[in-house]
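Once you scroll down, you'll see the structures, which are given as structure tokens.
One chain, chain A, appears in both complexes that follow, with chain B as partner in the first and chain C in the second.
Entry: the complex of A and B
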């Protein structure tokens, strides 16, 4: 029970981060391997504002979100759009965007190390115990989970029950046909890329409340988010949430029962079994 | 075999023999750099053999390399050294088959993601196993010196070049060329695409493991974070792409300048190596999509075009 709840709390924050990646990969078709660095930047903003001005991370995320939105929008327009234009096939765009976003990720890590150093950063915010069902949990984990759940829920409703949300889901299914029904695909692709970056950065702000980060941990979160997105199905928000909660529980289980050093190995095992059994994702329909 | 083909073989053999003379004429520093260059040449060339034609970006080099280093580190206590590189090669090929079976049937993105974490996965498992035995690292104490490692690597490079040359002329090489251009077409013309990719993926797997096994005596003390450094995978990708994967000798053209650049940067700005990697990636995508080889070809084309006009 203890494992289940801790896992769910962790998985909730993962869900938010993976939703950000899914908006970028599923909707605007850019495999963004610099996603984890956006998370670290969000986490760093929360850390810096808390330690220097005692600004609550819950306020910081309202600052982080628009900044990350604009930053990602610029990245898409300036760096990635030329690649989308020159790509002759989806395969070529994939190779190009993988190399480019790897480049961006390394540049981001390099700049962060140069400016802030490579130290771990963590801060203590709401580090009080709270009792659920007779067990103790850290209040910061619980509040980060609630924050993530609220944002993820709002995003889910927006995507499923609004016109822009519908348009974004349409370009996830078929960019070519979306153009025929009057959807401005290039503009919306840029917006969903930017939105994805903002969501991930907010997730970073929340996760920094209870996890220790450093300049180069981004890639680990990118990996986890990728595993979640593929497990849940590319472009499928509901699948992402379920997969994230599953991964959170699995990681907590492995860390408590076997060894904390094996969490990534466990995530990989899950990934391989998905690849072998259901490569289209948990809820995806079979391609044939 | 045409005349041009046999001429290429002779030229390559002479160049390799010249390269093998380095330990007699070079200083200790030159030999150390030589080992590094030979190592990256072998890794990048075998990487390009698979990833060049198929466009599948493999980031598994570090995993195979680490597997090889550990083969030597563990095996040296029980077996004579000369048996270990071949054993590492077999293990590397087996691991490549396992990875390939899980991912090569799917699109390239799955493959990238899987190989990206593979080194970390193997590292976590080895660290976990070592926690039981209580030892942190392993010592590899041999009387193998730098020149010995260098000669072994040059020999391995000769094998890789010869193997690559053979693959390029075989049905497998032709099949891969078609897969790289259009996998759908390849499937429709009766090529077993998954099997072809799997077979070829064994080459970089085995070669990287052998390289790791050969370099273990250089490190002397082996621990997981050293053997499975993820940076290695990225360096190999950059060197191969920087040189260009269109020709067998392409990666070598990337390896030599990059090794010197890397040495210079890590001596004077040790914290900026990540930034360098990132900038190189961006340069490759935006300025050198076909590497130095592509650039040379373009210059040569322009040159010949100008002559015709004049």
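Entry: the complex of A and C
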């Protein structure tokens, strides 16, 4: 039971890291390698507002979300849209966007170092134990998990029950045919990219409560997010959540029962076996 | 009239600027190269420990009119390179400083691995290499190979030995028993320290009841702390790196791992550690330490904060500055910028620095170094060393509140 809850909490953290990338990669077809940097920026905002003005990270995220949305929207319009226009095929767009966002991640790291410095930022917020079924858990991890659940729920409802959400899913399935039925593909692709960035930045704000970040750590989160998105299936928010929770529970199980040194090995074993058995990911559609 | 006056003013200004430029050009400078991570895994550490000291040292030296070499004053100019925490880049940057920038001296890089990687290049071009953040048990072999390499921060055996000494002290006072939980990050530093510490602890009669490693970058350390707690230890020792030092501490607080001796390694001495943990940091043991009550360190810490806007850490920060002071004093004492002469002087003399006296044994090693410090009243004070003065008695940790 203890393993299950600890694992779920860790899975919540992973979901926060990966949901934004799924929106960006699944819906607007941009494999955003600067995703982790956006997460660190969100984390830094939470750190800065907490240490300078004692603003709770839970308030900060409401500020971070619109700012990150606009920022990502601009990034998409200015930098990525020309690539989308130019790309003849999906493969070409992927290669171009990987190269561009890879470069963008260096720019983001450079800007962060120039503005905030390279120091670690770590603060203590809600680092209190809560007792669930007789075991101690960190309150900040629990609240981040609840945050992840709320974001995931909202995204799921929006994508499945609202008109723009359905349109975005249509783009994910087939960008060319969705134009035929009157969907404004360029606009909605920009929106889903921006939304993905906002979700990532909010996730960064939440996980900065218990993880120590610095300007250069973004790439670690990008990698983790990539693995989770691919495991879950590109373009399906349910897949990302399930993959994140699965990974969290597996890592905690291995760390507790076998050895903490083997968590990475176990994570990659899971990754490889999912790729072998279901190359399209847990919830992904097989390309027909 | 007005226009003519303006013209006069303009000509005057131009003339003044030209004159002052001329004066500045006549003032000769010495070039110092600085290579360390600004990005990559070690960037967080070097942003605290290394780079502010480079700025502070240049500020201090230029503030008093430059380095005095044979009666002539030289301002110092710093050439900075980011090595991206990549040994290949460190080597390239040092090479570039030596051959393209014609740097007069080069500061040792940051971190054990990057120092060892670039030592052959320093040796090839004859630059004295006063290391400040290199911890190694291979000092004898290294100094035989690279006679211009000097060590100040100590070795793994000494660091681990310091922890055993501190535990012994607590055990003698009856604060702790023999049960030690030891964990390490699965990285060069953590693995080496754990391997060195294991026999030392066993020899001293401790029972290692929980012994495990975790991968670098582990995002949830609660299984590690839960496992340690379940073993019911008297002391907890973690050979950890910065992010996990913070993570382990936060988790220990949440799980209520109430050991009387709680030790985390790198970054425990960082000001950010106190910032993140506040009063809970009280009594935490960590790698390093300084003579925190000594006038030399306090004066240095004050200037560090005034000039760079950040507090120094309580371990390697002072040693970084001290290594620059060693170069500075050697240059001024020999009245020479001949690198061989300066290196020879360093080898045969001891130096008064912000960390106290630094002197060398036969392996160019500063044999007296700090090993363990403890947060006491918001200051990280040295509690164990291999022969430095100023150690304070160690306290048992009393909970996390």
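Just so we're on the same page, the second predicted complex is superposed on the first by the 270 of 288 C-alpha atoms of A that agree within 3 Å, B and C clash if a C-alpha of one lies under 4 Å from a C-alpha of the other, contacts with A are read in each partner's own complex, and residues count from 1 in each chain.
Just so we're on the same page, a residue touches a chain if its C-beta (ideal position, glycine included) is under 8 Å from a C-beta of that chain, and two chains touch if they have at least 3 such contacts.
None of these values were measured; they are calculated from a predicted model.
> Name the contact category of A:99: first (chain B only), second (chain C only), both, or neither.
Touch status of A:99: first partner only.
> According to the stated criteria, A:123 is in contact with first (chain B), second (chain C), both, or neither; which is it?
second
> With both complexes superposed on chain A, which partner does A:230 reach: first (chain B), second (chain C), both or neither?
In the superposition, A:230 contacts chain B only.
> Please work out whether A:251 is in contact with chain B alone, chain C alone, both, or neither, and reply first, second, both or neither.
second
> Go through the superposed model and pick first if A:189 touches only chain B, second if only chain C, both, or neither.
neither
> Check the residue A:91 against both partner chains and state whether it touches chain B (first), chain C (second), both, or neither.
first
> Between chain B and chain C, whom does A:260 touch in the aligned arrangement: first, second, both, or neither?
Once the two structures are laid over each other on A, A:260 reaches chain C alone.
> On the A-aligned overlay, A:111 touches which partner chain: chain B = first, chain C = second, or both, or neither?
A:111 sits against chain B, while chain C stays out of touch.
> Under the contact rule defined above, give the chain A residues that sit at the interface with chain B and also at the interface with chain C.
Shared contact residues on chain A: 109-110, 113, 118, 216, 259, 261, 264.
> Where on chain A is chain C touching in the complex?
2, 6, 9-10, 13-14, 51, 109-110, 113, 117-124, 127-129, 136-138, 141, 210-212, 214-217, 220, 224, 248, 251-252, 255-256, 259-261, 263-264
> Note which residues of chain A are touching chain B in the complex, please.
31, 82-83, 91-92, 94-96, 98-100, 102-111, 113-114, 118, 216, 219, 223, 226-227, 230, 259, 261-262, 264-265, 268, 271-272, 275-276, 279
> Looking at the complex, which residues from chain C come into contact with chain A?
37-41, 43-44, 46-48, 51, 183, 186, 212-215, 217-220, 222-224, 226-227, 242-243, 246-247, 250-251, 253-256, 267, 270, 272-273, 275-278, 280, 310
> Using the touch definition up top, name the residues of chain B that touch chain A in the complex.
55, 57, 102-103, 105-110, 112-114, 116-117, 120-121, 124-125, 127-128, 131, 230, 234, 241, 271-282, 284-286
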